[in-house]
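Chain lettering (A, B, C and D) follows the sequence in which the chains are written, and residue indices restart at 1 in each chain.
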Amino acid sequence: MALEYPTFLINFKRYEGTAGGDGLELAKTIETVQERTDTSLAVAPQTPDLSRIASEADLRVVAQSVDAAEPGRGTGEIGLPAVDAAGADGVLVNHPESPQTLADVEAIVGGCRERGLESIVCVDSVEMGRGALAFDPDCLLFENPDDIATGRSLAETAPERVETFVSMVREENVRTRLLLGGGITTGVDVEASLRLGADGAGAASAFVNAADGEAWLADIAESLADSSVQD
Amino acid sequence: MALEYPTFLINFKRYEGTAGGDGLELAKTIETVQERTDTSLAVAPQTPDLSRIASEADLRVVAQSVDAAEPGRGTGEIGLPAVDAAGADGVLVNHPESPQTLADVEAIVGGCRERGLESIVCVDSVEMGRGALAFDPDCLLFENPDDIATGRSLAETAPERVETFVSMVREENVRTRLLLGGGITTGVDVEASLRLGADGAGAASAFVNAADGEAWLADIAESLADSSVQD
Amino acid sequence: MALEYPTFLINFKRYEGTAGGDGLELAKTIETVQERTDTSLAVAPQTPDLSRIASEADLRVVAQSVDAAEPGRGTGEIGLPAVDAAGADGVLVNHPESPQTLADVEAIVGGCRERGLESIVCVDSVEMGRGALAFDPDCLLFENPDDIATGRSLAETAPERVETFVSMVREENVRTRLLLGGGITTGVDVEASLRLGADGAGAASAFVNAADGEAWLADIAESLADSSVQD
Amino acid sequence: MALEYPTFLINFKRYEGTAGGDGLELAKTIETVQERTDTSLAVAPQTPDLSRIASEADLRVVAQSVDAAEPGRGTGEIGLPAVDAAGADGVLVNHPESPQTLADVEAIVGGCRERGLESIVCVDSVEMGRGALAFDPDCLLFENPDDIATGRSLAETAPERVETFVSMVREENVRTRLLLGGGITTGVDVEASLRLGADGAGAASAFVNAADGEAWLADIAESLADSSVQD
């Protein structure tokens, strides 16, 4: 299933308290907020939990990373066929914490297209974004690695960079969606992101570290819902 | 839960037909044979299925590979805490298809010890085996990469190499268990492996490609049971 | 010093007989042919010989690969400052035998620009070429990995693919140069490459394995000289 | 040529001012001190300068890192045959800044043995040292990564760890030599290292950052010479 925009993507990364039963519980919380707010949320669980969360939670599920590899040998590698079979709806490609080669980005985006998986390529500059667009991905996730886990979002610290990025994407490829990540902390960041032209946003540490994750996410989701209505 | 020896480990690698629902079904088949033959079998599922198979099948579950990394950032990396939370009983370390650094082998074997996970270090020579024993792993998996997927096992092609290996392990470390892999195709290979002093064996392609996986595995398991009785 | 086009680039890779004193001798042979034919040739020596060949041979010298890393720690890594100080004129980026991440391609092409080193990004498809052009490299090396060491060049096996590639590059970026590699075996291949719009070509095994390297290269260089005159 | 013990190894890493002509000049300084003090010094130059420094300076030269790869394709990889042809006398293996797999450590140490190159395996714990000894390297370089560039050596901060390490090595393998690295700052550190049983020591930043590198090294070399005489 393709993602539905606007969307908000929550990445569990390898944070403590997000794996196994804890991860499933967090996914259930996200599902609850999604239903209540009638929004479209997505989760990138820790890889060992992908299949379980995809089968037990009613959420769009995104693989944190896959290797560019055909089925077969390759103990320990995460193949596209495996995350597809596990029930993933999309794949993060080239996350700054799992950077990938130009050839692998091409292969994975192409493989996602064949399988109907949403390809979400992470980039941190206008140039890298333009480079990634050559492969016609479904979505770009624009994130300044320096903003990760800082509590300050790009929409706030450098709105003109976001605008430049959005313009470039809209000019180069009308169909590719655009998410903003890095330092997204409150609903205000989400509103700012959408106002600047993004199709959604994402977070990791802010959700994981929130005293009350459900309340935190509800605030985010309401901003998402409000902005959708305005469209 | 520690593995129970003698054991037979089935590695799904990234073979077609072993992911998602198919993988769960295969795991259920293994569970069935295990119960019927009263043996101890173990499975190394594709990583995205780890949590689901661990929670739905009554089998020892081994992670195909983990990265040596603490919890936290690290999108796409597979941490020891995550596979532990996912319900894994053990971890393959340094598989020839996911070779690992000396420092990572040390860190992962140590991390397994702290968490009560079985560390199974793959080695392909007496020297590498002796090197790995320095970290006091729970188990060594001795496998000649040239034998992988050939249908010929080391116990058959070079029994004297196996004997040398077994003697070295027994001399260096009384508690470390020893599995043989590579080209294990029938129960005869399993019997030969145990007779040469191994605590078990493993396979991947032979099970995955068997016309009747359940029958194939039953033959293997009976050899395992017979040999146990003789002990 | 920037490369001078049309050019022919000889990559020693890690072939036997191309390192140390042998490598220097080969470089001297290339220098001789260059002088005699009044063409512009370039060599990518084995990395440990870079400084010596750059200082002892009168040739454009290209580093086979560099890591994207600032000066400082990093034992064993090959930094851009080091190859610059060693006398390199350019750098191969993202060679299919040393593939590089999107972020590293961006960083290395940018670093080359600052230092006045020629950045030559290897790509194997129109899409990858377009992706690499986002970073505004000095030169693209278009090579089908399947053609490497086959004795059949892309200009011969798929001239229409070359034409498509050349058109794309000319449209996207007027200043980026374009070399063809993979299976270049004789002067005829060079002529065909230039006729299709390339600014040069490159080879590795064909030179290294030639019974008489000097004669082989003279044939190549004459084709290069003829084509230049025709321009 | 094998290294001559006791020795002091200077690693240029990728420090500024150590590449190209600067690197050659530093090597000449080391050569001068070596001659004047009648000691045996060794240098690990930046890889692109290996051949040039080996041919122009009268010093033992050690490659910072090599890849475990046979001759042939492999653009950008540093092969053992290449560093051998370049005139290297030895090779650093598994440096913490270029960690290597168990299989590669085995292959490179074995390859060094065949070629008469000194294999120097870096380890940071007693267990890793014991693991590396399984491959019978010529030398171990014991270094606590936390001490790198700190100005405090292990011989000073934890002499008992050094003693434990030395005892282990002497017990396991009589022929393997032992160097200490990490935070070696003055001749006093060298004396302490030798007194604790090491066959030498090494440094990187302390030499590179010294206001007067020649004077700094002379102090080191005199400690080396004094200790040799006492033996």
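In this text, contacts are C-beta pairs under 8 Å (C-beta built on N, C-alpha and C of every residue); 3 or more make two chains touch, one makes a residue touch a chain.
In this text the structure is predicted, and so the values were computed from the model without any measurement.
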| item | value |
| --- | --- |
| Same-site or different-site touching of chain A by its copy chain B, using the half cut | same |
| Distance between the centres, which are taken as Cα means, of chain D and chain C, whole angstrom | 34 |
| Whole-Å gap between the CA centroids of chain B and chain C | 46 |
| Residues of chain A engaged with two or more neighbouring chains | 96 |
| Category of the chain touch graph - line, ring, star, complete, other | ring |
| Pairs of chains found to touch, sorted by chain label | A-B, A-C, B-D, C-D |
| Contact footprint of chain A on chain C as seen in their complex | 94, 96, 99-106, 123-125, 127-136 |
| Contact set on chain D toward chain C in their complex | 11, 13-16, 19-24, 44, 46-53, 55, 63-65, 69, 71-79, 81-88, 92, 95-98, 148-149, 204 |
